[in-house]
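Letters A, B, C, D and E name the chains as they come in the text, with residue numbers starting at 1 for each one.
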Amino acid sequence: MSAPLVELVDIEKHFGPVIALNGVSVSVKAGECHCLLGDNGAGKSTFIKTMSGVHKPTRGKILVDGKERTFSSPRDAMQAGIATVYQDLAMIPLMSVTRNFWMGREPERRVGPIKVFDFREANEITMNEMAKMGIHLRSPDQAVGTLSGGERQTVAIARAVYFGARVLILDEPTSALGVRQTSNVLATIDKVRKNGIGIVFITHNVRHAMAVGDRFTVLNRGKTLGTAQRGEITAEELQDMMAGGQELAQLEGSLGGTV
Amino acid sequence: DGERFVLVSHAPDSDSWWNTIKNAIAVAGEQMNVEVEYRNPPTGDLADMARIIEQATASNPDGIIATIADYDVLSGPLSNAVAKGIPVITINSGTEEQSKAIGALMHVGQPEFAAGKGAGEKAKAAGVTKFLCVNHYITNPASVERCQGYAEALGVELGDQMIDSGQDPAEIKSKVMAYLQTNPDTNGILTLGPTSAHPTLAALDEMGKAGTIHFGTFDLSSEIAEAIKSDVIAFAIDQQPYLQGYLPVVILTNLARYGVVPGNSINSGPGFVTKANIALVEKYAGEYR
Amino acid sequence: MADTGEQTIEQLKEEIRDERLRETSRLRKMFIRPELGAICGAILVFAFFLVVAGGSGMFAPEGIINWSVVSAQFAIIAVGACLLMIAGEFDLSVGSMIGFSGIVIALMTVQWGLPAWFAIIVAFALALAIGALNGYLVIKTGLPSFIVTLAFLYILRGATIYISIATTRKTIIGGVREAAEGDPIAWLFGGKLFSGLFVWLSDIGIVDKFVAGPKAGQPVVEGIPMLVIWAIALIIFGHVLLTRTKFGNWIFASGGDSQAARYVGVPVNRVKILMFMFSAFCATVFATCQVMEFGSAAADRGLLKEFEAIISVVIGGALLTGGYGSVIGAALGALIFGVVQQGLFFAGVESSLFRVFLGVILLLAVILNTYIRRMITGER
Amino acid sequence: MSAPLVELVDIEKHFGPVIALNGVSVSVKAGECHCLLGDNGAGKSTFIKTMSGVHKPTRGKILVDGKERTFSSPRDAMQAGIATVYQDLAMIPLMSVTRNFWMGREPERRVGPIKVFDFREANEITMNEMAKMGIHLRSPDQAVGTLSGGERQTVAIARAVYFGARVLILDEPTSALGVRQTSNVLATIDKVRKNGIGIVFITHNVRHAMAVGDRFTVLNRGKTLGTAQRGEITAEELQDMMAGGQELAQLEGSLGGTV
Amino acid sequence: MADTGEQTIEQLKEEIRDERLRETSRLRKMFIRPELGAICGAILVFAFFLVVAGGSGMFAPEGIINWSVVSAQFAIIAVGACLLMIAGEFDLSVGSMIGFSGIVIALMTVQWGLPAWFAIIVAFALALAIGALNGYLVIKTGLPSFIVTLAFLYILRGATIYISIATTRKTIIGGVREAAEGDPIAWLFGGKLFSGLFVWLSDIGIVDKFVAGPKAGQPVVEGIPMLVIWAIALIIFGHVLLTRTKFGNWIFASGGDSQAARYVGVPVNRVKILMFMFSAFCATVFATCQVMEFGSAAADRGLLKEFEAIISVVIGGALLTGGYGSVIGAALGALIFGVVQQGLFFAGVESSLFRVFLGVILLLAVILNTYIRRMITGER
């Protein structure tokens, strides 16, 4: 198998007295979808924020293409090819799709002495990229607030892909979505993966993870419980690992079947 | 030696006219070797001023100097100070009668209505029939009285000849210009202090009417002095604020030390500053004049 | 079913013991309260002025009455602003409302010769109506209260000046005290209580007596002004309402998350409108006390008082965005404000520096309060 | 089977030009868990808001115990025994647990002439009720902001149950929760149901629905696609109904298995 | 893969055709813009005054210059407030900053005899530093900008008064014009442009000439004041910056959702601090123009200007909570503000009623704007 694009080794992260991460190692390879699972508060979001330069790790190393790097801002991580789609914070509803798409990396054009935002190009590319993802916009000026939840996720993913992300991080992209929208997002993940981009996919939902994942890592109380290859593990086993096994047993008696 | 007096004015922090008085009490304090504190309500709220007088009374000074910006509001606190045995001298706003009623030793000042009327009489003599009173401090009762006195002397209704100009110079200027454009028959202007006088000068200058309209103002500044010299302003009503600050300090000190005090109130103004007597005034305008 | 419950509790108890938070929680609970910042502030301020202005008469009976009255003034409007702010809105028209109510009373009594009690009732009725209109507009249009009440700041001030000039050609109307002589309601706002007590206190030498003039022989402190009584009454009322009643819970809920509150059946609109009315009520109490005490009303009364009310409330630990705060805190904020303002005079500091102090105190207070609030609410 | 506690017949709801509901009928019986499924924008939230008195239906009838009722506010619906736990809007984080628990129905006690909030009783009941649900609070004064997501849901459910709800509506209570927390909530639903309370459970997640549901109704574009009893329908069929069947088929080729 | 994409697009196109929204969208797009409300407002206001005050000289060249200057003043501070508000913050210290900068310039030139260009540069540097401090505090403490800038409203005003009294014993410092005579920079703020044009215009009879007094024979309009030039320049600058550049996109993003913006790599802190500085810059332009035109500075200049700036911006369609708005809208808001203020004068309406009008216009404008905004952004 190919060498990992990004590797995080033994990451620790403390917030004052709170130990959010206590030695987590995860790697992502090109073209694979690495699922990160774990209960509420397990530290998933903290981990990927470390990976994308929002937090600085208290201890631990980040290797990009085998070389150690430190990210001091989300920009750094993006320049290293790591793009992130956050759960709630993907888009600014008041702004147009184009403005959102290019936010932080606006294309520029010289007009005399000054550089201006090249809207013609930006609009065209936005429309194209969205169409590639299967979303046809009424107009690139449309405010994101008028899009549905799944469409917004897709804009965020399209943006990350377009900007040459080599690793794409998705934080619970499906938790608020319906079945149709979810399958759209999963299909998008599949598409993106086939282009050779490494994906980190965070979810609570074992089914969603099983549908697209190549490898699975389960976090629990800030620690890795282990990483498994696709096929090495069943949905039920994953679920048990996430929950720690005990309460679920009680529940099953009364309810039957997996959740 | 080292007596402590408190002067309480009604003016907001930023009112520039009161600097003359502040300078006067500084001079008097130094000459008499006494300590004089100046206090005022930061926003010019008269109710706050009453509190300050009460507070001054509580601190047991050797004398209080205060304005009677509103007799209703201030008579209580001031007469309490008198009753506590603190000598009080009233200055600036208010009348002799009010000062007596409070039980103050004397009043040093100029009655506003009368001062306005004095200005109006001069204006009438110059043939003014329709005027503009630029009131930059519409919420202050004394300001309105000045305009009313002026109107009464002319024998006309005040009506909308008094405008609420606000304090921003550009707005004052624009409002004056707008007024003069819509009322081209205006032949008299009264401004109530440098705040409104300076933009009005600019307005007249820009409209090419400088010197064509009879222009009177209250109070002095270097710009006003300049304008008097160049015949744009006919007169400035000078209530000689320096005296309002200086005299009470001297009188109170002498009262404390030797028990002597003049028997009557003193009119510090109105003095009219015109081209004839501008020379000396100009040198100290805004500081001691 | 009961089994599962029990078991889980046991497990949880285990977990909690681990957390090692429990032992400190009782102590923390006593100290960590919304008004903690204001309490510390008040202690500091008093300590400061005891040192700096201790000998200036600031802590003599008259001095105490002096800053008490100033603080009481701030407190009256701060209580209204506090409850409104906790309910998630705020009111920039308080200052204009003060000017407006005062002129209404003065106009009716002096200019139109109506009895004072009638004028006072009309002023309150008008104020409550305007408060309700404020609230109604905020709720109906969904606009931020900043904008709506800013509009009323201008509308009310303009109307006040216009009315007073149009009817009396003056912006100040005097003679109210005479007109209100012997009125059955007016004394509630302008009178003084416990005069007997102070006569006695002066007899035994604790309070000075007047030495000259018509009042010779009377104590220098005549009594507790009604303003102070009103402030105390409003603080108690506000505090009890907020922390001890059902309605108080609704106020918190409306400010904390109006949608959530609405969904569980809290009549959010009613709560907010009532709080706007209460804010207007407090402004009118302020105005009436002032008019009755001083005997005159002016169109410029209350200028910038809205900010002073908001500052008191914020120093007292309330959250600008609603849902969190304390009336006691706001009252302490008002006390700090009043003591600093008058104290600087007593200490003889250049008066223009007062604002600089005020700004700095405000900044320090909110930083401290933010820290305390995060400890309490688990915000991040 | 018993008569329905609440029955909604042919509900339509228009927002200006938007037709959010176009003839939806649903009934809830005592002790059953009725699952409402549907994609984003299907009208689930709108429907339950109609049921709980937030919206007035444009057309249609609401029957409580067989008698027609109109709700003009959430209070009315609550008095009729219909309690709702909303997805995001369950709790006010700045307020204490007790205050949240009793919000809108504070217990009162006379002190002289005035009625005051009876905190002693309120605190005690809150602690008890929470304990019954398996949550042990440090103190009833604790701010809700310091609780985890699952705990908050439980407070909201406990509150609804305590106030004698006969019908309990839960709008996507599990979408943001981890496995353990989810199973807690599902167990709570099961507990509540066994007390004879009717439950309307809204979810995107077919698994969650299958775990506790007695009946299943699928909404699509503001219309009911039909109601099925437990056992009459499989998870796969439900899923197909929700998605309209078509895209999912495409997806399955690439991904395999249900989502 | 490509297949799936194509197919879905076709399907979606079908669906969209169904929606019957597409045909109107082009027309809507042209009309429905943030500044639509302000455009309508401006048209209404002009129509109104053309009818009411058409004959009063309001629309003669002099009249036009008259209300243009007032509007330009509002516009200068509105541009700063607009960009800052779109970036999600606001600044209540604008008014105090105007007073402060003016006094700094006057002190340095008149009192200390320094050259005007130097004083102006120092004033700008100080203002920018204070703006940066404002922004830094807001960002570091996470406090609402309302509180932080309210503190600076008091601190700056107090400091201004204190400094001017302590150094000159005056709060109004005159003689700046004389001191700035022939200065290489000062004319940029106080001069007038295109005098030649107006002489020519008066020669061909379009502009009146003075018929009497010292200026007889000169055109009644001397030239375009630099104030107006500055306003136009700032509006163009602000508009281009906001809508046409990368940085403009960052401003929108910072105000729309600072967290989201931060995550995609927008330097939100830098954007916000820069906008606080820009707001301070605009205030200083205002102050410098005023000082140079009138030749004096006073410590009380700029009182309540912060509200006037905010009102202009809000009338112009911006959202108080950030992320939405338009500089052109703010400029139109300033125009409406200026025209109404002066127009009432030309129309001979009692001047104290101006505030009432202003409040009512503000209310109507925001209600209209809210409606328009909802159509554009799909908010509910």
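For this structure, a couple of remarks:
The definition used in the following text is that a contact is a pair of C-beta atoms (placed from the backbone, for glycine too) under 8 Å apart; a residue touches a chain by one contact, two chains touch by 3 or more.
In UniProt terms, the chains line up like this: A, D = Sugar ABC transporter ATP-binding protein; C, E = Xylose transport system permease protein XylH.
Just so it is clear, the model here is predicted, and its values are computed rather than measured.
Shared contacts of subunit C and subunit D, meaning chains that touch the two of them, come down to nothing at all. Steps from subunit A to subunit C, taking the shortest chain of touch contacts, total 2.
Taking each chain's centre as the mean of its C-alpha atoms, the one that lies farthest from the centre of subunit A is B.
As a whole-number value, the distance joining the C-alpha centres of subunit A and subunit B reads 72 Å.
For the pair subunit A and subunit E, the distance between C-alpha centroids works out to 42 Å. Chain geometry summary: the mean Cα position of subunit B and that of subunit E are 35 Å apart.
One inter-chain figure worth recording: subunit A and subunit D are separated by 30 Å, centre to centre, where each centre is the mean of the chain's CA atoms. Contact with two or more other chains is made by residues 187, 250 of subunit A. Contacts with at least two other chains are made by residues 4, 157-158, 161, 165, 350, 352, 354 of subunit E. Residue positions of subunit B touching 2 or more other chains, listed in rising order: 13, 138, 164.
Those chain pairs judged to touch are A-D, A-E, B-C, B-E, C-D, C-E.
If you check the complex, the residues on subunit C that touch subunit B are 56-58, 60, 62-63, 65-67, 69-70, 161, 165, 169-172, 174-177, 208, 210-216, 218, 220, 290, 293-296, 298-304, 342, 345-346, 348, 351-352, 354-355. Put simply, subunit A touches subunit D in their complex at residues 38-42, 148-150, 175-184, 186-187, 190, 204-208, 210-212, 239, 242-244, 247-248, 250-251, 254-259. Residue ranges of subunit B in contact with subunit E, taken from their complex: 12-16, 19, 22-23, 26, 138, 160, 163-165, 167-171, 173-175, 177-179, 181-182, 194-195, 198-199, 202, 206-212, 221-223, 286-287.
Within the complex formed with subunit E, the residues of subunit A that make contact are 52, 54, 73-75, 78, 84, 86, 89-95, 99, 102-106, 108, 114-117, 119, 131-136, 138-139, 141, 143, 145-146, 187, 191, 194.
Residues 1, 4-5, 8-9, 12-13, 16, 21-22, 25, 29, 240, 244-246, 248-250, 252-253, 256-257, 259-267, 319, 323-324, 376-379 of subunit C are the ones touching subunit D in the complex.
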